[in-house]
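Shared between the two complexes below is chain A, which pairs with chain B and chain C, respectively.
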Partner chain A sequence: MIKYIIKRVIAMLITLFIIVSLCFLTIRMIPGDIVGQGAQPEIREAMEERYHLNDPLPEQYVTFLKNFFTLDFGESITTYPRSPVFNVIMDKIPLTLQLNLFSLVITIPLGILFGIIAALKKNKPTDHAISVMVVLCVSVPSFVFAALLQYFFAFKLGWFPLLLELEDKGLTLTKLWSMVLPVLALSFGGIATITRYMRAELFEALNSEYMLLSRAKGLTRMQSTVRHAIRNSFIPLCNIIIPMFMNLLGGSMVVENIFGIPGIGRLTVMSISNSDYFLTVAVLFFYSIISLLSVLIVDLSYGIIDPRIRIGGGKTVE
Partner chain B sequence: MDENRILEVKNLNLHFKTYSGNVQAIRGVDFHLNRGETLAIVGESGSGKSVTIKAVTKLLPDNAVIDSGEILYEGQDILPMDDKKFSHLRGNDISLIFQDPLSSLDPVMKIGKQIMEAILIKKQGTKREAAAKALELMRAVGIPEPEKRFNEYPFQFSGGMRQRIVIAIALACNPKLLICDEPTTALDVTIQSQILDLIKDMQRERDLSVIFITHDLGVVANVADRVCVMYAGKIVEVGTVEDIFYDPRHPYTWSLLASMPSLNTSSEDKLMVIPGSQPNMLVPPKGDAFAARNRYAMKIDFEREPPMFRISDTHYAATWLEHPDAPKIGIPALLRHRIDEQLREEATS
Partner chain C sequence: MSKKQKIEAAKKAFAEQEALRLQNLENAKTERLSEDDCTFVQMDEKLHDQKFEHEPISFYKDAWLRFKQNKASIVAAAIILVIVLMAIFAPVFSGTSYREQHTEFGVLPPRIPYLENLGIADGCRTMEIQKSVLDTYGDAVVEVIREYNQYYRGKPIPMVEAKVNQYILKGADDYYFFFGTDNLGRDLWVRLWRGTRISLIIGVCSVLINCFIGVVYGAVSGYYGGKVDMLMQRIIEILGGVPFLVMAILFVMFLGAGIRSFILVLIITGWIGMSRMIRAQFFRYKDYEYVLASRTMGASDRRLIFRHILPNAIGPIITQATFAVPSAIFSESFLSYLGLGIQAPEPSIGVLLAEGQGSLTTSPHLTLFPAIVVSLLMLSFNLFGNGLRDAFDPRARGSE
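After this line comes the complex of A and B, so read on.
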């Protein structure tokens, strides 16, 4: 197991290295002028000097890597001039985390609930209704929901504020109220994904032989569904729920933009459009770590949750 | 009601709703099971054996619709019973062993717990007592080191061991009726006979009534008292083991017997293969469903369904060949030869 983890971590580091290098290169290829058109020549010179922008690209790359490996991610150039990139990101995480936590708190139970209902009522009207909602929520991107919610509930009906309330530092009622719409917009996709998955897994479990045996033991349909079928379908469900926890940190670029939420998502958009090289690379690096870590955690958690892998020593027996 | 009958199925008809139409899986099945006896149901794949016992245990899938019929367990019709009431019966009186031991245990629950569940569901006794009884059952079905195995998961057991666990679970409730749906098909030959012996021992010790489904006629001769031969959702012949093996009447039974290898079949002896396949049950054929594959089929076989003709008190067959006006065809020579040989052998031993 330890050996396996070490192998995985090494592979992860290599992947990260490749990602960072690619980021570095692509960012430079995006057209845009860091200094800004019409800036004084002295300013331009000073900036180029400070950030080594005139060095040949390979040289810049080496310096960049050197700094990166000492965990010096550089400074933000244009978005938050001269603030260390690391601090900027850390500053943005709490708000994003907060919103996503709220979203997850409703996403997981609702997704599981709808999934169970749909599987139990498979091919009945309830299931069809849920399936239509799922298709809708999966295929319509979250920014459309965000825009629609904002238009109807905030703009037309005026029930909610248009943007996130930022004045209050603590978690006041007004702030909570203003979070409702973005949290909803963030949740639809996740609920639909979990529902779809849960429905498929549970339906399969319901039709398995072990369900027949548990009924044969004298368990009622309800009892064997709860004790065996649902239990079994939770295992594959981890596959999608764990990454959702990791994405708590990530946030959504578009939803954050629409509701004026100064979180990680919005930071990403801003840094790219401002050609803020170091910030962009660092943000993308941050995202990469999150997703690689979540893949790793999913794999490892399987080994903990599923006895076939935990005891069977990694080989699947079926 | 006949006190001696633990189970009686009367004129059962059921179909499955599918996207391509209604599959008429069971078409008028009639049979009964006496206390303490073993009834074998034989027939090729898809003849409706599993569906019949799923109906008897009310474990039919959701798309099954029972059109008519009665299923009497100890004189009570079980079809109108609700899930809760029948679950109670299933947990206490009726037990099942399935076709596929590899997948009939919950893959993520410990073996011991799965056996205990069958004991605890009846709400008698404490957890500790249940655990003790589970261990005892594991010992009874021949699991070595049950204390150690108790906390293991199904994937750590071999197929034969898993089937033993399934049998232990089936016996957990001290059932009166044990239904085995091809309990040995998924196992290799040596394990098969061990499991069969185990089931036979358990039946003798506990005086169980058993329904034994199989398509292996060798197994039938070994375990059964009476035999039902099933074809395309109907029972076409029923009789004692002797009736069916030594005096078969239905052409389908002939083909089944002729296609069965016996111990003294030498390699030169040809086994008969039943030509064709079962009719598509979306559109059940008119007349005798076996007619299209029957070398001896007469005109009437394609037009009218044969009723059950009585041959003796224990022996019935649904074939027009038993009609008084039918030509006397008799058992095919090859089969006749084999039966005679077997009878001679039995007489000498």
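After this line comes the complex of A and C, so read on.
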């Protein structure tokens, strides 16, 4: 197990290194000037000094890496002039995290609930209705949902504010109310995915022999379903819920833009459109770390959640 | 019955059977067959298998028979066909081009012949106008919905909520913009279909290339196994670790937005899923007897890979490719939405959606139509893929 973890972490570090190198190359190779065309000579000089822009490329690369591993990501150029990128990102994380956590809080229970209902009522009208909803929600992109929700519920009906309430620092009721639409827009896809998996897994579990055994031993249908089938179908579910977090972060990029939420997603978009390269790189680095960590957690959790899967050591089939 | 009795009974039965057998043997000895009793059944006939009475059903026909039963997939396939045809021909047969600007006809709502008589898509918009200037609108005012007073510094100003025909108002009475126009007066109908065309090109091209790379990579990795496989899988592991979003943003920043760079972005990590599937197929089939037989007869590796093992995977390949198209289209519109889209006059669905988002509350038609098309496209491709999967692999039916 330990050998396996070490192997995975090494692979992860190599990936991270490649990402960082790609970031560096992209920035330096990009047509145009990092400093910005209209910059005053003093600023230009300071920037060149700060980021060693006049050194030969390999030397620049070394300093870039050195700075990176001491968590010095440079300073924002245009979006938040002169503030360290690291602080800017730290500033934005809470809001994005709030949004995603709320979304997960609705997504997981609802997805599981619908999945269970669909599996228990397989091939009945309820199941068909849920299946139609699942296909719809999986297919329609989250930004279409966001636009539709914003138009109908915020603009036409006026039930919710068009944009996120930012007046209050803390988590007040008005802010929570204004978060309903973005959270909903983020959740539809996730609910559908979980429902689909839950339905397939639970249906398989319901038809398995141990269910027959538990019924034969005298458990009621309710007991055997709850204690054996549902429990067992949770195992594979864990493996899609963790990567979903990463997908949510990606999806929230667009949703944040639509609802004017100043989170990480909006920061990314702004940094790209303002050609604020250091900020872009740092944000991308942030996304990479989250994604790699979630993959690692999934891989390691296989063995913990389901003891039947042994990781590392011995031969593996396929 | 006691145990002793049981044993006695069994012994007795055995003895009887033995006697009967000996008797039969004795009978056979006395009863001899002469040569005339025997005839050759097929002395001069050729021996061959019976001919099939039915027409043989090929793999594809089999799949087609099953596919036909899935109504949703048939409808989806028809929708895809219609959208593809529209994407190819609608821009050609329209009077305007996708970049032609009529700045005087900015943001017109949709107007469609015949439908306009029914009150849908009639080019009208509800406006709030001061009553005193209502006359200047002339014929454009179709209907006054209500009158009310707006208070400005305590003084009541009579206002009118009226349905105004924008086409008459802007002097575009001779034009029919089916889906309306954007703020530069460009025809959304043409732009949308042209955008669909570009989105489809990006989706289909990237999927085809991904299939090719994935199949070759997966086949080599799965067929040779061992060290080759080890090395190739490590490469995949490292490459696959890079999040798509990060890779995409970097590449589009570097290469600049355009059809080619979008396709490239979708290729870089897009083939991994396909190659994994193909590799699993090869692991499954490479030790089958028929492969061994073919190898014994001297078939080369290339022949074994492409003629003998790969055709087993044709169903899953087609299915997976079908599912990959909507996700490619989604990625394209997603990136466009983030401002990394195709460059200006050229539209794509994502670019149109992003443009529409800015004026969602005033001219919803700019968002509505691209949203409908992209949703329909993704929905149909998913349903079509479901149908294909069920047709090629009946065992997976209904398991999602």
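FYI, the second predicted complex is superposed on the first by the 263 of 318 C-alpha atoms of A that agree within 3 Å, B and C clash if a C-alpha of one lies under 4 Å from a C-alpha of the other, contacts with A are read in each partner's own complex, and residues count from 1 in each chain.
Keep in mind that, in the parts below, contacts are C-beta pairs under 8 Å (C-beta built on N, C-alpha and C of every residue); 3 or more make two chains touch, one makes a residue touch a chain.
It should be emphasised that the depicted structure is a prediction, and the values quoted were computed from it without experimental measurement.
Once chain A of one complex is fitted onto chain A of the other, the partner contacts of A:Ser214 are limited to chain B, with no touch recorded for chain C. In the superposition on chain A, A:Asp91 makes contact with neither chain B nor chain C. In the superposed model, A:Phe155 lies in contact with chain C only, and not with chain B.
By the touch criterion defined above, A:Glu204 lies against chain C but remains apart from chain B after alignment on the C-alpha atoms of chain A.
For chain A, the partner touching the most residues, choosing from chain B and chain C, is C.
Contacts of A:Val254 after superposition: chain C is touched, whereas chain B is not reached. Contacts of A:Val138 after superposition on the shared chain: chain C is touched, whereas chain B is not.
In the overlay built on the shared chain, the residue A:Asn232 is in contact with chain B alone; chain C does not reach it. Comparing the two complexes, residues 318 of chain A contact chain B in one case and chain C in the other. By the touch criterion given at the top, residues 234, 237-239, 241-247, 249-251, 253-254, 256, 280, 283, 326, 330, 333-334, 337-340, 353, 356-357, 360-361, 364, 367, 371, 374-375, 378-379, 381-383, 386, 398-400 of chain C touch chain A in their complex. Residue ranges of chain A in contact with chain C, taken from their complex: 11-12, 14-15, 18-19, 22-23, 26, 29-31, 123, 131, 134-136, 138-141, 143-144, 147-148, 150-151, 155, 162, 196-197, 199-200, 203-204, 246, 250, 253-254, 257-258, 268-269, 272-273, 280, 284, 287-288, 291-292, 295, 318.
The touching residues of chain B, counted against chain A in their complex, run 57, 59, 61-62, 83-84, 87-88, 90-92, 95-96, 98, 100, 103-109, 117-118, 121-122, 152-153, 155-156, 166, 169-170, 172-173. Here chain A touches chain B in the complex through residues 122, 207-210, 212-221, 223, 227-228, 231-232, 235, 306-308, 311-312, 317-318, going by the rule given at the top.
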